[in-house]
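Take a look at this one; I'll ask things after.
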Amino acid sequence: MENEYILEIRNLKKYFPTPYGTVKAVDNISLKVKKGTTMGLVGESGSGKSTTGHVVVGLFPPTDGKILFKGQDISMPLERRPKNLKRDIQMVFQDPASSLNPKKIIRDIVGLPLKVHGMVSSREEMEEKVSKLLEMVELPPEDFLYRKPTDLGGGEKQAVSIARAIATNPSFVIFDEPTSALDVSIQAKIINAILNIQKEFRLSSLFITHDLSLMRNISSYVAIMYLGKICEMAPTETFFQKPLHPYTQMLLSSVPVLTKEEEELKPKGIKSVGEIGSPINPPSGCRFHPRCPFATEICKKKEPKLVEVEPEHYVACHLYSSE
Amino acid sequence: MSFKDIFSEWIKTIELGKKWYRFRRSPLSMIGLIISLSTVVMAVFAPWIAPYPTHAGFFTDFKNATQPPSWQHLFGTDEFGRDVLSRTIFGFRYSLMMAAVVLTLVVPTGVILGLIAGYYRERWIGKLIMRIADIFIAVPPLVLALSVCSLLTPSAFHAMMAVSLMWWPWYTRLLYNITSSVKEEYFVYAAKVTGASSFHIMFKEIFPNAMGAVLTKVTLDVGWVILLGASLSFVGLGAQPPTPDLGTMVADGAKFLPDYWWISLFPALAISYVILGFNLLGDGIKDAFEG
Amino acid sequence: MNGEPLLEIKDLHVGYKTHMGISHVLNGVHLTVHKGERVGVIGESGSGKTTTMKSILRILPSNAIIKKGEIVYNGKDVLKMSNEELLTIRRKKISMIFQDPTSALNPLFKIGQIMLDIIKYSYNLEEKDAKEMALKALKEAALPDPERVFDSYPFQLSGGMRQRVCIALALIGERELIIADEPTTNLDVTIKAQVLNLLTDLVKKKNVGWIFVSQALGAVRENVDRVYVMYAGNIIEWGPSEKVFSNPLHPYTQKLLECVPKLTGKEFAKGIRGRIPNYFHPPSGCRFHPRCDYIMDNCKKNIPEPVEVEHEHFVSCYLYHRR
């Protein structure tokens, strides 16, 4: 039987030693991405969302835990990963300015994965395939094939990054805040290109972002992270109807919106307070307790487990645990 | 993919047209270019430019010895009656050859070691390379070159070897620094994720980003290598007489100071001329690449 | 709004001299702020928002040329002021909050030292009184434990706290106008909400004028009385915030608002075709015409005069001239 989940993360930990102490960037998280769906990973700085993406793609080996891709264990360092996996998992990075080598032309940048995986045999074939990829992200190839990234705007650079990521026809792509550096009108273009590509390639993906509105429009599942932990996970629709975790509610109430309809969705009477803790020395018990309006004694002492409160809707909060 | 292809790609990444446009706008850079070119022309065409080409080798004409500058001998003649101007022009030949030999040895070695050290910064290989480089950098260059030269028989060839030995760590360090920072750029991550080889990443992703810095340093170093070579010759550890080496000529002439000042002054000025030229050129290249 | 305006920018034209020629950025910008009024300026990057703000305090880079226009502050033209008068304005009347709180505070000095220097310089106070003033300002900016903050170096504070310090500094004394240029762009979602709430509260409480420049449309909508929409160096639409956001008139404003992803998950626009114009050779007439769907002959020739479509809601567009 074919596996229902394309990606499974089990008890993943990633610690970075620093001179000031160990940064527990990702601390024991588990999540599953269903085939053909997009999991939105939402969090603020220090939540470990980007680190999770980097570990999945293999840039850092996990400290502990397992990552299964199509049922196969891929928690080894990148050098030891089979080459076909590198073709199958791709990533779009956050910063358009540093994502593309300023000294190379677009043809060679987008053509690199094709060349590495022996998918083209001649320069002509490469140009032809790269042109198709550029068309897919709405960049006219005749204008862009021979240009350098330095001549491009931020949105165009990010479109090139996406073209590069889909060049090898991967089944899984991680998008790490691909539009956070872009203007809204350009963001809209890029997001639409991503949505089209997801449909066309039947792509599964992990979409990392801090923007809940954006996440709502692009993902079918959502996981909210805070200081290295997942605090709530649900199908997008359920999540917006019934955000449960106090942090999620605070996050949602902090989103500035444009219409009255949207205001309806924001939890009432919740104000953002406090500072995000440090991942080196996170608060005891529930990591959100110093900022939580509902915190009790138990929250300071005991870390809440992620429990399923309704089908597919998981929360890690003592308010909802049966104990 | 052959090295020839890689090389032609590197050349393309320099974008000469744009750089030349920026370079041209600075008068100092242009002066540097003219000086540098003039020394190269003199070095290459020395036998045709020098008024008395035979004076470059074994030649004596004691009748005309130690003549002050005149229309016949613009820079005067030395103690053997040889024309100082001719010997200075030939001197450029030896100086530039010295620089060329040293830099062709040093630049590729230093660059490759630096790329490896920077790319594998956390591994033992990277650390080993950098510690060795540190040791060479810690010894004052002239002392190192002097001690090597005094161990071997003094000759131009050994001087070049000695200078090369102490010069490569600077390129290693330059490339190490650039590589360490460029390798954290997302485009390097992207290449890794897609499965590109370390060779590809080092030479085709990272190195093109260091080309400007390397080119600048090479140009500036031409002057410094010439100076160091001349210093070695000056103390008798480099090229041996009667080779018309600028350093040797200054040393020889120094014996006749202050009466026959022209014998040492003109070769000394020639050294300054070369160094000034290549320094201005190097600065110009740097500005052209950075702007 | 009634009463005398505090600040009035009239027909401001500013350009920059570069090696490629003159870039004609501002093309007749106008803006009015009354006493105690909160005014928003929205527009994408490169639309000239920052140039406009810098013109007010005359802190433009040296290659800028002010070709035409007036900036009247309390009845006097800032552009014609003597250095003495300008210094008084910069020290006591108008203050500015920048996007990056990290580079706004010199990392070598303690917060206290930075504040004392500014206070002593501006108000000729004794050390003791100055310190009192500084602590009071920190307290007003809702910084927990102002004494400790006073004794900290900038790197010891989080981004949110640093921006609060900048706010405290900006509001010291009897300021009349605060210019905030993207004050929360670099902050996390929940912290952003806190800082904006604080800024709005303080501005209301102290009854100072506030210009809030931002690309974050939702944040502007929720926090200002009136809003100006900028495109390519022109103010194209302005009016009461609620009206502009619920009933956008200019084709650009409409498109821009449609591009923002909604929390409701409603589909958003696919971006605006074309890109922001080249300022060396800007389009003639209305600068938006090459990207506009409703283009008419007139648009290419003349800059449209503003029309008051509803009460106090103006738009510069020929679509509204016919009526």
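Just so it is clear, A, B and C label the chains in written order, and each chain counts residues from 1 on its own.
In this section, a contact is a pair of C-beta atoms (placed from the backbone, for glycine too) under 8 Å apart; a residue touches a chain by one contact, two chains touch by 3 or more.
Bear in mind the structure is a predicted one, so any value in this text is a computation, not a measurement.
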item	value
Chain contact graph, described as a line, ring, star, complete graph or other shape	line
Chain whose Cα centroid lies at the greatest distance from that of chain B	C
Chain A and chain B: spacing of chain centres that average the CA atoms, whole Å	51
Computed distance of Cα centres, chain C from chain A, in Å	32
Whole-Å gap separating chain B and chain C, where each centre is the average of the chain's CA atoms	54
Residues of chain C engaged with two or more neighbouring chains	none
Chain A: positions in contact with at least two other chains	none
Contacts with 2+ other chains: residues of chain B	none
Residue numbers on chain A that touch chain C, as the complex places them	44-45, 153, 183-189, 191-192, 210-214, 216-217, 236, 240, 250-259, 261-262, 265-266, 271-273, 275-276
Complex interface listing, chain A residues touching chain B	57-59, 78, 83, 86-87, 89-91, 93-95, 98-104, 109, 112-113, 116-117, 161, 164-165, 168
Sites on chain B touched by chain A in the complex	13, 185-187, 189-197, 200, 205, 208-209, 211
Residues on chain C engaged by chain A in the complex (per definition of touch)	44-45, 158, 160-161, 188-194, 196-197, 215-219, 221-222, 245-246, 255-272, 275
